[in-house]
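To start, I am sharing the structure in question, which I have written as structure tokens.
Each chain carries a letter (A, B and C) given by its place in the written order, and its residues are counted from 1.
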Amino acid sequence: MKKMIALLLAGIMCAGLLTACGGSSSPAATDTKTEEAAPAETETAGDEAAAVDTAAASEETAESMTFTVGFDAEYPPYGYKDETTGDYTGFDLELAEEVCARRGWTLVKQPIDWDSKDMEINSGAIDCLWNGMTYTGREEDYTWTEPYVDNSIVIAVNADSDIQTKADLAGKMVVAQAASSADTALTNDPGDGSNDENLNLCATFSGYETIKDYNDAFMQMSAGVYDAIAVDIGVAQFQLAANEGKYRILDEPLSKEQYAIAFAKGNTELRDMVQETLNEMAADGTIDKIVANYADFNLPEMLIIGK
Amino acid sequence: MGFMSIVQQIIGGFGTTLFIFFFTLLFSMPLGILFALARMSKFKPLNLFMQVCISILRGTPLMLQLIVVFFMPYYVFGIKLSTGWRVYAALIGFSINYAAYFGEIFRAGIQAVPVGQHEAAEVLGFTKTQTFFKIVFPQMVKRVVPPVTNEVITLVKDTSMAFAIAYAEMFTMAKQVAAQQSNIMPLFVAGLFYYIFNIIVAWVMGRIEKKLSYFE
Amino acid sequence: MSLFEINNVKKAFGDLTVLHDISVKVDEGEVVAIIGPSGSGKSTLLRCATMLETMDSGELIYLDEKAAHNDSSGHTVYASNTDLRRIKGYFGLVFQNFNLFPHFSVMRNLTEAPIHVQKRERGEVEAEARELIRKMGLEGKENYYPQQLSGGQQQRVAIARALAMNPKMLFFDEPTSALDPELTGEILKVIRQLAQEKMTMVIVTHEMGFARDVADRVIFMDGGYIVEEGHPENVISNPSEERTKQFLARFSGQGAINE
């Protein structure tokens, strides 16, 4: 009996390990493809015409390559669930679709728990973070594309609130999404005094809290739990549009910020490919066409790629 | 955007919830039996090992365990992960965690079978294996139905933790729909789904309990 | 030739010695009653004989087959599991608390072991079981579950279950102690009937009148020793040892001797 139990346990562990290996074999395969493409490009470096050919060739070999974009599906308009189709869409995902179409990659839209984004990207479970991701202040943490959107962090309040300026926030309850750029802007102390203005402002609040997502924050503010929300302007505009007359935005922004696409640190090869395609899309007007779908959110005004 | 469309979008995630639910039960129950047997083993190292395992599995958050299972291949063995690994990691994480709880319930159930049953079986010449499967196991099953029902109902709700490793199930879907519409309604719809599902679970378990009431 | 023999058994639980060098032999067709106060070691002796308890020292022999013998240092060594399984087929045991399998019907309580332990043919086993059920006066109860039966009926099922294995002998461990007084009669009747059929039996009991009537030999135990042993007329009606007299005096007052 004892032996039987031991054998069964051992069997289960083996099965577990086998499944583990089986499950992780596909990214290894993806890796190999990218590695194969890399030396080819280095060899022909310096000869531009040849480089184009090799790029075309490497595209062919990478025909079945998947490109996994990690995003927060509760972050409209950059990534969210479409009302009518139920599919994941948004400005960033539309851009990613176009990049993949041009590169011949298969796009995998992977909604992730935003708090786990670093583990997700470092482990290779996703290829990039493309979701209105703030570049400012995180320059050294990832390998970035050039910024493509300029986003301010603003303060949203209930329309009937007596808060008009940042100074009026003294003694009020303020909230931001956990691990968001607004949260960073209010609480990050780089130690060199560069963020003291926002830190001092935060100190005047009666309370500052973080919350899992902004949708909750707005619902709770209208319920009176919070007086003000520190939030990226795109998200704020979306909430204003969806709930007409309910909220307004203070004139003074908390900070100006830029968005870019983040890759695992050191993955310049994939970054360069995406950047190159994005540049093409900016040059031929495709990005302008896509961003026009998001005029409601002020996105065309925020776009900086190709400007 | 009507109520029906909210329901439709959430149903999409309900399939994933059901998938985790059924496969977790399928794997964790037999595994729970093994855990219980190992936990009661007279072979001290196995017994002690199981005791430590169960203590950790019950003493740390399920969400953390899911994250550990999902990321371990990369952080421990340096294997690059793929998105396809999520579903396996979710099932492994849930199954092992629930096996720990089921294991302790089964152990209590096995130990509650009177010693006289073992003795009667021994005198009749049944082997230990026969005694377990023919005599102890059926009586254990009857005893554990109520506590197992509790765990199964908890599992229905715990499935929402799969999103810790980005495996989008019903509650995640509901939150996404809520975000898309900046409306709290989808969360209530999801709550209704969980509730109805749990009423069905409770009904099924009640039937099983009734079916087993022919003996004491 | 004796059917059953237990020789020089010693058994201690920790510091407490419960059996001091006891030997019992039972011949084929013999009915032996073991009596004595609680804690006298009679139940432990029965449990050692049926191998529910291991002996510290001593020999156990069924039909000339050694289930256990002493090694050179005087410690009990048991035979291999295969041998023991065969030897366990020679005897049956009826418990004080019946210990029926609650999740099996009456029929299945009887047939499960013959089919799965003795590997006998189901049809034959079931026919025999039906006959036993009839003999025990339980006709029509084949598909009942134990909890649907009275204590006396349950104990009769337990006896039938032991008999279904076709044992050479039966042990009874206080078979009527868990029963209401009005139900003991039906069990004693069954045992009497078995005695008439020359079933070899060892019965641990508190029913003195019954022991006197049915037993060929009575063993009185106290403090882990056999104090007195012999024909029931001698041991119960006319004991020679002082301790036996004291023990029996407690029963005579209750009229238990006269069944």
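FYI, a residue touches a chain if its C-beta (ideal position, glycine included) is under 8 Å from a C-beta of that chain, and two chains touch if they have at least 3 such contacts.
Note that the structure is a prediction, hence the values are computed from the model and not measured.
Trainee: What is the shortest path, in steps, from subunit A to subunit B when you may only step between chains that touch?
Mentor: Minimum number of steps from subunit A to subunit B: 1.
Trainee: Per-chain C-alpha centres versus the global one: which chain is nearest?
Mentor: Chain B is the most central one.
Trainee: Report the pair of chains linked by the most C-beta pairs in contact.
Mentor: Ranked by contacting C-beta pairs, first place goes to A-B.
Trainee: For subunit B, which other chain has the most distant CA centre?
Mentor: It is C.
Trainee: Can you compute the centre-to-centre distance for subunit A and subunit B, using the mean CA position of each chain? Integer Å is fine.
Mentor: About 34 Å separates the centre of subunit A from that of subunit B.
Trainee: Give, as an integer number of Å, the spacing between the C-alpha centres of subunit C and subunit B.
Mentor: Chain centres of subunit B and subunit C, defined by C-alpha means, are spaced 46 Å apart.
Trainee: How many angstrom between the C-alpha centroids of subunit C and subunit A?
Mentor: Taking the mean C-alpha position of each chain, the two centres sit 79 Å apart.
Trainee: Scan subunit C for residues touching two or more other chains and write them down.
Mentor: none
Trainee: Where does subunit A touch two or more other chains at once, residue-wise?
Mentor: None at all.
Trainee: Under the stated contact criterion, what part of subunit C meets subunit B in this complex?
Mentor: 50-52, 85, 88-89, 92-93, 95, 97, 99-103, 112-113, 116-118, 145-147, 161, 165
Trainee: Where on subunit A is subunit B touching in the complex?
Mentor: Residues in contact with subunit B: 1-2, 4-6, 8-9, 12, 16, 19-21, 23-24, 26-28, 30-31, 66, 68, 70, 73-76, 80-84, 86, 108, 110-113, 116, 119-120, 122-126, 213-215, 218-219, 238-239, 242-243.
Trainee: If you look only at subunit B, which of its residues touch subunit A in the complex?
Mentor: 1, 5, 8-9, 12, 31, 34, 37-38, 41-43, 46, 67, 70-71, 73-75, 79-86, 88-89, 92, 128-129, 132, 163-166, 168, 172-173, 175-182, 184
Trainee: What part of subunit B is in contact with subunit C in the complex they form?
Mentor: 114, 116-117, 119-120, 122-127, 130, 134-135, 138-139, 142, 214-216
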